[in-house]
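Chain nomenclature is as follows: A, B and C, assigned in order of appearance, with residue numbering initiated at 1 for each chain independently.
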């Protein structure tokens, strides 16, 4: 159920984008322990001046490869969130060559009543999920 | 006040998009019982590979017509949320021919202090709304 | 740390966009009292029919210059939020000529565990931030 929205700067090929999404999905499935078909991803690709990210003094270098990921999810334990960030950074570096400096994640939580996956139903309330 | 953000795959005409937004607005107004001028909608249209949605095993078929809707709202009772999902699916099917399998909604709640509708004012705090 | 996402209608030059983002950042830094390098901004530019905003009966006039801003932040006091809305409206009017009627802001809160600024780490949990 988590919904993952990726904001990227233009320049990746369709193949590179697919690999990025597939890899992020694998990391999410493992960290959050959800079914593999629990996949809801959306990408927006921007011109360079449309994404401006600095580093809050952490000393990280941002490049045009930067991945700005926002996640909406029902509540998750801290340990799962920390595992997700770590796994995601590791996999995106290993599979996509993404610098770990180029990964920024922000998560927002909601609750059972806040999801409908189709057919106008709230599947976490009806017991279907 | 709810803010509705629609992520769609490219391919709808301007007229089709307008009808989709109008229809979604009517369903929202009825379900949430807000003034008709309480309308805040935004659409992003994507290339096919930029939206990847599966079905968490529910057996739904997603097509290129898929509507991925994220809503930000002050707290709403569960019954209103369920009514919104149901009405939205019904109306979009009846008016726009959207398959109910192609409607995914995720809602996030915030509070009175989290809105400014213009002029730098927080209208839910000032009592203007 | 706040993440600022701007939805705009196409038509601004790169220079105008840069000035808008710089000005919004200054207002945010002053209102939220964060480090100047705490900058995470993302813009999506839309065709006119993709943004539909009314005024909830407040009597405001929306134009094609409208700025629809969504902010994700750790919890902030009401007084900071109100100051942010006010400062943002003032500065955007003074520096960018934006009508205060054309500024809509919606904020969503999350918590320490919900941020990773790079390297797969949750910097508010590790104590790095």
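Going forward, a contact is a pair of C-beta atoms (placed from the backbone, for glycine too) under 8 Å apart; a residue touches a chain by one contact, two chains touch by 3 or more.
Just so you know, these numbers come straight off a predicted model, no measurement behind them.
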Query raised in the report: Same residues or different residues: which describes how chain A and chain C meet, taking over half shared numbers as same?
Result: different
Report summary line: For the C-alpha superposition of chain A onto chain B, the rotation angle in degrees, rounded to the nearest 5, equals 120
Query raised in the report: Between chain A and chain C, what is the separation of their C-alpha centroids in Å?
Result: 21
**Report entry** Shared-contact residues (touching 2 or more other chains) in chain B
**Finding:** 44, 108
Report summary line: chain A contacts chain C in the complex at 7, 44, 46, 49-58, 60, 68, 70, 78, 81-82, 85-90, 100-109
Query - Touch list for chain B against partner chain C, complex - result: 1, 3, 5, 14, 17-18, 21, 25, 35, 37-45, 72, 108, 110, 113-123, 125, 128-129
